[in-house]
Each structure stands twice: as C-alpha cells, then as structure tokens.
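Here's a structure for you.
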Amino acid sequence: MDGWQANMILDDGGDLTHWVYKKYPNVFKKIRGIVEESVTGVHRLYQLSKAGKLCVPAMNVNDSVTKQKFDNLYCCRESILDGLKRTTDVMFGGKQVVVCGYGEVGKGCCAALKALGAIVYITEIDPICALQACMDGFRVVKLSEVIRQVDVVITCTGNKNVVTREHLDRMKNSCIVCNMGHSNTEIDVTSLRTPELTWERVRSQVDHVIWPDGKRVVLLAEGRLLNLSCSTVPTFVLSITATTQALALIELYNAPEGRYKQDVYLLPKKMDEYVASLHLPSFDAHLTELTDDQAKYLGLNKNGPFKPNYYRY
Amino acid sequence: MDGWQANMILDDGGDLTHWVYKKYPNVFKKIRGIVEESVTGVHRLYQLSKAGKLCVPAMNVNDSVTKQKFDNLYCCRESILDGLKRTTDVMFGGKQVVVCGYGEVGKGCCAALKALGAIVYITEIDPICALQACMDGFRVVKLSEVIRQVDVVITCTGNKNVVTREHLDRMKNSCIVCNMGHSNTEIDVTSLRTPELTWERVRSQVDHVIWPDGKRVVLLAEGRLLNLSCSTVPTFVLSITATTQALALIELYNAPEGRYKQDVYLLPKKMDEYVASLHLPSFDAHLTELTDDQAKYLGLNKNGPFKPNYYRY
Amino acid sequence: MDGWQANMILDDGGDLTHWVYKKYPNVFKKIRGIVEESVTGVHRLYQLSKAGKLCVPAMNVNDSVTKQKFDNLYCCRESILDGLKRTTDVMFGGKQVVVCGYGEVGKGCCAALKALGAIVYITEIDPICALQACMDGFRVVKLSEVIRQVDVVITCTGNKNVVTREHLDRMKNSCIVCNMGHSNTEIDVTSLRTPELTWERVRSQVDHVIWPDGKRVVLLAEGRLLNLSCSTVPTFVLSITATTQALALIELYNAPEGRYKQDVYLLPKKMDEYVASLHLPSFDAHLTELTDDQAKYLGLNKNGPFKPNYYRY
Amino acid sequence: MDGWQANMILDDGGDLTHWVYKKYPNVFKKIRGIVEESVTGVHRLYQLSKAGKLCVPAMNVNDSVTKQKFDNLYCCRESILDGLKRTTDVMFGGKQVVVCGYGEVGKGCCAALKALGAIVYITEIDPICALQACMDGFRVVKLSEVIRQVDVVITCTGNKNVVTREHLDRMKNSCIVCNMGHSNTEIDVTSLRTPELTWERVRSQVDHVIWPDGKRVVLLAEGRLLNLSCSTVPTFVLSITATTQALALIELYNAPEGRYKQDVYLLPKKMDEYVASLHLPSFDAHLTELTDDQAKYLGLNKNGPFKPNYYRY
C-alpha cells in the first residue's frame, strides 16, 4: 500500500485512535474524522476533547437512537433468552430472576423474561429508571433482599462489583449468575478463585462453582458478556450498526469545512432517521408523508428531521 | 393584595405569560422566572427566546423525563382503555385498531390495547418511531390501507387533519373515532358538519355521525382529547407534575445570579431524579446506593445526576 | 294468554325451575326441557338429578366452552380494569395486587393487571391452578403473607370468608377490596359492621371503612360483584350467551325422542362450535376447511365436532 | 432375569403394547395395566378398547392436565424460540409469522412470538380455537392469504399436508418453515424432492431449498419436530411427565379389584393434582388450605379433588 494514507478512523473501543495518537500523530494531518461506536471509546474521546487534545472532529455513533435501541433494548430482549437456553436449558416459567440495572439492556432482558413467565426483581441506583421499573410492573429491591430466593442473577449496570462474594455466598443451590453489561467487572469473579471453592467446567462457557457444603452456583462465561459469549447477534443488528458507521464516515468526510470542529458530535438526527428508513422495507412498513400544510403546521421539513434533539423515543 | 407583586409565573399553555407581556410588561421587573408545563407554552417560549424577547429565565418542565413519561406513556396506557370503555363499552379483544402516531402517547395506547387482545396498526411519519413500532410487533401502514377494516381509529400525532373526510367516508359501520393527541385538530371534525350527514348525540361525549346509507361513525368528544374529556387523570400523575413544577419554581427563585440567563432551560436532571425519588416510597421501592469505589469507577457523584443529558430512558 | 302453555324453561339461577316444581308440577307434562346458564342453577339441577327428581332433560349451558371463556376469562380481563377505574381512578402501574383464586375469572383479572404494570400475587387451594399461576409469572402465596403490603385485594374464588376481618385489620391505609367471584360471601363484609368502625359512603358503590386509628379500607360494591355492579357487560358477551341459550332450547325442543333422558347434559360440542362460528365474522376471521383427505387422516367429520369431549381449550 | 415377569407396561407410542399383543399375548396374564403417554399410543388404545380387544386396564396419561400443559403449552412457549434461534439466528422483532393451529402447542408458540415483537397470524379449522385466537389478539386467516408476506411458517396442527407445495412455491425468499406438531407430515416435504429444486444443507438441521429463480426457503429439521430436533426439553418438563407416569403405574398396580376394567382411563384428578403439588416447592409456592367450613360450603374434600372432571383449566 505504497503511498496509501488513512483519511478516516473507524474505531470500536478507542484503541486504534489511542495507538495513532501515541505512535503516528502525523497521520492526523490527513485524517478528516473519527467514528467511534463503543461506550468506552466514546468516553475516551470526550476526555480527549475536554483536555483540548482532540485534533479532528469525532462522531459518537454509539449514542445514535437506532444503534442504541438495536444494540441494547431489542438485541438483548432476544439474546438473554438465547444465552440462558444454550448454556443451561433453564425453563423460564416461574423462575425468580433479579436483574441489576434497568437501562436499555435491563429493560430488554426484563421484558423478555417477564413475557415468558419469570418473576423479575430490579435493582437500580437511578430513581428515574427505578420509577420506570415500578410502572412496568417490577419490584425494585436491594440485591441483598432477594439474593437468597432467586434462581437467576443478571447484571446490566456497566458498574463493577455489583455481585459480590457476599452475595454469591448467600445464593441458593443451582442459582445461575451471568452478565449482560458492558464489561467483565460486574460480577466479582476474582473473589471466587479461593481455595475453599471448587470450580467444575460442566460445558463450554458454564462453570459450577462449588461451596464446601456442596452448594453450586452456575457461572456463565466466567462473568464476561453473555450476549457475546453464548448467543448470536442477528444480522439485522449488525446491519443497523454498519449503516450507522458508514453514514457517519460519509458525513464527516463530505462535510463542508466548518460544520464540524475538533469536538465530539452525535450523529445528526436526519442520518439517524435515514438509517431507520433504510431498514423499514424489510418489515414491509409504509411511512406516511406529511402534506405541505401539515409540515407547515408542525414547523417541520417534510423530509425530517422530525424530532428535537432532546426527544427520548 | 395591596402591594403584592408577582415574583414567578407558573404557566400552562403560555396564555398568562403572553398576557403579562402584552398588558403588564413592568411586572417582569420583579419576576425571577417562568415555569411552563405544556407543549404549546414551551413552543411559545422558544419562539420568544429566538426573537430575543424573553426577558427572564424560563424552565421547560414539559420535557422533564418524569413528567413526560407520566403525562404521556404511563397515563395514556390506562386512559385510552378507560376513555373508550366509559363512552362505548367496546370489548377490546379481537378489535382491529389503528393508532396514528407512535410517540409516547401512541406507545402507551398501543401497549394497553395489544395487551387486552386488540390487533393494532400504526401510522407514522418518522422512520425511527416506525422502526420501534415494527420491533414492538405492530404493522406500520398508511391510514388508507386499513381504514376500511378497522373498528377503532385513535389519533396521537399532534398534527392536523390526520383523519380526513375521505377517511371517514370509507370507515365501516360503527367504527369508533377518537383523539388522544394534543389538540382538537387531528380529526377533521369540521368536514363532518355538512347537510348530508346527520349527527345524533347518543350520550355525553358520544355522537353518532350518520351517512345517507345509514352507516354510523361513533365520534368521541367531538374530536377533543379523549383522556381529558372522557377519563380521569390519576392523582399520582398530578403529583408528579405538581412536584416538578414546584421544584422548578424553587430552583429558578433560589438560583444564584448568573446560573440562568434569559433563555429556556430543561429541568436540571438532578431535580428530575429528585421528583422520581420522592415517588418511589409509594411503591415500596428500594434504591441501591453506589459505594465510593463504584462512584469513582463510573465517574459519578453518589447522589446523582446519574445520566448524561442526552440519555433517552 | 288463554290456553298458552310453557313448553321449555329458560332459567338463570334455578329459581324459576324450583318454583314450577313446587307450585305447578303439572306444567312439566308439557315441558320438553330446561336450559340453565348459571353455576348455582346447574348445581341445583345436578342435585335434582342425583336425587332422581329431574323429570325432563336439562342442558347445562353454563359450562359450554364459549360461554365460560366469554363470561369469565375474556369478560373479566376487561371488567376488572373498568370496575376499578370507574370507582377509584386508581393507577394500575406499580400497584401490588393480590388475586384470590386463579380460575378463569382470576386468570382474566391477572392477565389484565399484569399487562398494565401491576405486580400480582395469587392465592390458590388447587395445586394445578397454582402451578399454572407459577408458569404464568405470578408468586403463589398465602393471603396473610402479603396482606400488609398490597394496594388492592380481589377475590375470585366462589368460596366464602376468603377475606376475613383479620385480613382487613392488617391491610394498609387506602387498600382497595373488591369481589369478582360469584357471590357476595367472599369478603366477610358483615365483620366490618361493628361499632368501632365507621363507614363513609364516598360515592356510589364506594365505601370507606375507617378504623379507630384513621386507617381507611376502600370497599367496593359492599363486597358484591364488581363486574356487575361497577362495570358494563359488552354486548358481544351477551350475544355469546344468548346464542348459546337459544341453540340449547332449539336442540332440546327438536331432539328426537330418546336422545336426551331425564338428566343434565352439556351443550353438544358441535353446537358450542356453531356458537363460536357465528361470532367469527365480526372479527373478519376466516376458517380453514379440512380437505377430504385430511378429515379422513384425522378421523373427523369436516363439519365438526373437532375435539374430544375432554379437550380443555 | 430368570423367572422375571413383566407386571406393568409403560409405553410411549404404543409400539411395545402392540408387540406384546402380537408376539407374547401370554404376558398379559400377569400384566396389571398399561400406562401410555403419547397421542398416538392413546389413540391405539382407544381403538383396541372399541374393538373389545383391550384385555387389561390402561391409563391415558397423555391427557392429564399437568402433562398436557407442560408438554405442550409451557414447553413449546420456550422451545419455539430456542429452536428457531439455534438453527437460524432469526431476530423475532417485527417478523411476520403464521402459525397453523391454535391448540396448546400453537397457543404456546404464539404467546412467545407475540411477546418478542413478532406479528402473528393464525390458521384454524375449529371455530372455538379460532375465536380464542381472535380474543388473544391474532388475525385468523387462510394460509393462502398471508403466505406471500410471512417470514416464518410454523405448523402445530397434528394434521397432514397443511403446508403444500403450492404454498411453498408462493413463499418469499428466505422464508423459514418448520413443524411443532406431532408428526412429520404437516409440511409436504416430499413435494420438495423434485428435480427443479436444489437442496443445500447449510448446517445441521437446516436446509435451503432453492427454486430455479434463486428463491430460497429455509426448511428446518426436514419437517420433523423442531422442539425435539433443534431445542432441548427442560428437566422440569421431564419431571412432570415422569411423575405422572410413576403415579399412574402405582395406581393401576395398587387399585383394588374392580376399580378399573378393561378400558382406557384418564388419570384420576386427585393424582393430577398431586403431580402439580409435588412441583410447587421448586417455585416456593404456598397453597392455601380450605377451612372445614369452606370445604363444606363448596362441597369439597379439603384434600381435593378440587374440580369437576369437565373443568378446563
């Protein structure tokens, strides 16, 4: 690739961006923008920006509406069931489950489990999400209140040490523990690597951790992400993500000078809407068009964007 | 009230604000802020602000998370059923219903109707909301595709002339038509006031509009808001709204000089979270507190706010 | 009506049948059969039959499939919401509700309340129904375990004294108590008519019963049937019942001698299927017909009946 | 096993029974009963009985309530999702699915798919089941009405040639076809073994059948049972079935002479209730006991059975 020079960075996690910064800062002279799709990578970009070190425009596609909803809510609604079934064959009906965290991932997991007859409890730190959980029909509890009675524990917080050794000690025999959040820190798996506990690998991705009294806790994927380790990601979700990335690259590359500064931007809403519209035909969905009169009444362009930036969907 | 002077404006719709502007502009010298809770009033404030005519800080409490979710999603999920039952005694099971608009109000209506066995179709102009409707299990259609077959038509768009005379002409006998959106313009009721159609008031808030061939369309509340005209608003929802307003008034009044300029602000997220937290005890919900270590890991204050401003809930 | 003579009895509760037995036994000479639609009336007929006193054929239409499902499951799924809303304006989201009895009525109530975001507990005496409740996602408890925490108590047992004074004493302030079962005996209302409790009629069908410490229990319809007292019965349900009765009358009247003896019969399945088929067009439902080959394979007549008598639907 | 002699037959499908009849009829001299758990085996027993050839009592445990509900409704509610995911990774949200047959299996499949955001259509031959489908929120159609538009076709009829070559010819590209019914006859797979169609095995249990124009239909398990071929049966379901069988064996063996004749019997309801009660502790479910007074009021024994034989659950 003699003479080839990168003109855009498409990153997932921020490692590539970091590496270019450290090793080949000159490359940035030709780079017209960074597109980043992960929570972590976005976080690193915002820190660069705050520190005044971001030298090209960056686009946070992680927080585009379509990407968020499909990667989290819609995808996890299906993959929690798939991941649990493939690893444990557990029957969902009548099972007591505690889900830690009622963000998009938690909402997806809870909706699916409730629909299949599980009894779901929620833990939350954020009162707004907690109130949503109440209105959606879930009891909001502290983990310690229900840890003795539940059949399944699922973490979706993005936090660390949400399930501690103390919790694990109090779980009942055969309790299943898994993580749907964004890292492998939510369950304190390290605390289980102690001499008095025996680990038994019963099949791929499934360990029994055995207490001296014979109690077994079923740990999935050693606390790593269940949806990545033990279920599949539907092509439809990949298509949404890839489309979002491609559009962001095109936008940054084609943008007239001055539209984007050395900062982190959300995907323009009109593009977000475009990603969605490209995926409607596979559902045979038919959009309604505004009449001129209606567009005027609403103060909208007939082609969108249709919502203010703070709209929550 | 000799010598009494207003120091805050609490408005709903923007009429009071408008009136003070027109008649008593001097009052604004003592006013420390405006709190506005309606879509319309907020719209007027943003226009004032754009025109550079807003002379005090204003707070848009309409778009606070808790207020939005309770006034729209959660409240409409219940009031659509209540409003239809009280006026028509319709059985929901097996009914075909088209809901125009899949915003928070539409989402609430659809969830409730689907849960009670209705078959629901959606019309949408926004591809993102349309995609959500698909993923939630609803066919997205143009109104004309299903208008001949549906038993109930519900508008939740905020738009005008969504249901036209042409649609009304094609509805089947006994079709129920009602409006859950934000004004009385969504159904073109005026078009029904023509000599060839007979109106028959069958009970309070219920008119039969009768075509020459005997076909009857059941029009509720003459196209005004069903949830306000024909059902009740639970005290819990009122409490959420009133709390939000009170906190906004306190915030604007107590804010140190310079925190708010002559502009329109969203309720600070921390207050939004506070509104939610005040309502958790009635559900016996128990929040989890972050440890110091966890707060540091997440980069959050233990007391919130817990989410970035663009978080969608 | 000179010379007119009854040739059939259409009864609901068995009082008419009882009265004819006592006062005008001769009328039975011309009577070709009795059609009875209530639980109580059917019970009385089976007792007559056991005692060898039934002198004409009788048809138990109460237990026809369509009648049962519509009178109980489908109707109550809607009327529980309607009855509670009209009397109390309670918001369902997040409310803790205990439903006593998980028969068809209980199943209907629970499905609706769960769908609208309530957290529902079940009490049951029958292990099969209890297991169904588990698989449908409800905790099965004794009433005393949850009586202190619930916001609403609903009885659907057909039993008596299911909610006792002791339970009522332990309810929290503002707890709503109502009955969806088949009589007014399920809640021990008599036990509340004691001097230390004050009754306050707050609106039609709604009493506050006030304890000396100020606690109020909200009693609906004085413990009588909520669905009859405080909500409406959709015409669709009435149509199902009336069709069932009419067909039963015709069947008994037209039956060739010997088809029915002096006993109690369930509606022939083919008629039950006919009742259903008459109501399908209002849903624009299209039945599939068996080919000759398929009918032969299944050992069925192409026109039904399609199921063995013990089929449970 | 010198001298050992069989004293009971535990059969699944009727083959063992048939074989003993043919080859070792003398064995029946010592046999005290047959317990049969499958639809087919039960059918064969009823035919033997009709023909007067059944020489020992037989128990139909296939139609016990708990066995039916767990083998069909509850198990299929989970295995339809599991089977489709493991074979195709299909995303359920927004998919159009037609389910042929709305018996217990169909009800389970539909409930799960609807809950995960699929749009489900039903075909039915029985008007009662069709009416249930309507009330549960499904459109009842003929297969030909929707065959061009659906993404998934699922058969649950027990019938043959429900999906014909003509239907297969009209399916859209990538349509998934599978069978959840009781045999491999529901989809006319033989009709696909013609020269103009190409079969491509894409992975275990998954064939692409390719039309000359390139259209592919995704056939699962070559039309055999999806739930047996491509998903697992939870141990809980096996436990229910095994308990039912064991109790039936004990009952037939211990029954005093004369209780059972040379006929086919349903499991006594009290045993059915006992099977359920043995499985309640795993849900931590607490049954309520009748008081003496209540038992008398209801005319029931405190220990059951609690329902008449025709009760439908």
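General remarks:
Lettered A, B, C and D in written order, each chain numbered from 1.
Basically, contacts are C-beta pairs under 8 Å (C-beta built on N, C-alpha and C of every residue); 3 or more make two chains touch, one makes a residue touch a chain.
Since the structure is predicted, the reported quantities are computational estimates derived from the model, not experimental observations.
Comparing the CA-atom centres of all chains against that of subunit C, the greatest distance is found for A.
By count of C-beta pairs in contact, C-D exceeds the other of the chain pairs B-C and C-D. Centroid to centroid, with C-alpha atoms defining each point, subunit C and subunit D lie 29 Å apart.
Work out the mean CA point of subunit B and of subunit C, and you get 38 Å between them.
The set of subunit B residues that touch two or more partner chains comprises 74, 93-94, 116-117, 134-135, 139, 283-284. Residues 74-75, 77-78, 81-82, 85-86, 89-94, 96, 111-112, 115-117, 149, 231-232, 234-237, 282-284 of subunit A touch subunit D in their complex. Interface residues of subunit A, counted against subunit B in their complex, comprise 63, 65-66, 68-69, 74, 123-135, 139-143, 145, 158-161, 266, 272-274, 276-277, 279-280, 283-291, 293-294, 297-298, 304, 306-307, 309-310, 312-313. Partner subunit C is touched in their complex by these residues of subunit A: 93-94, 114, 116-119, 134-139.
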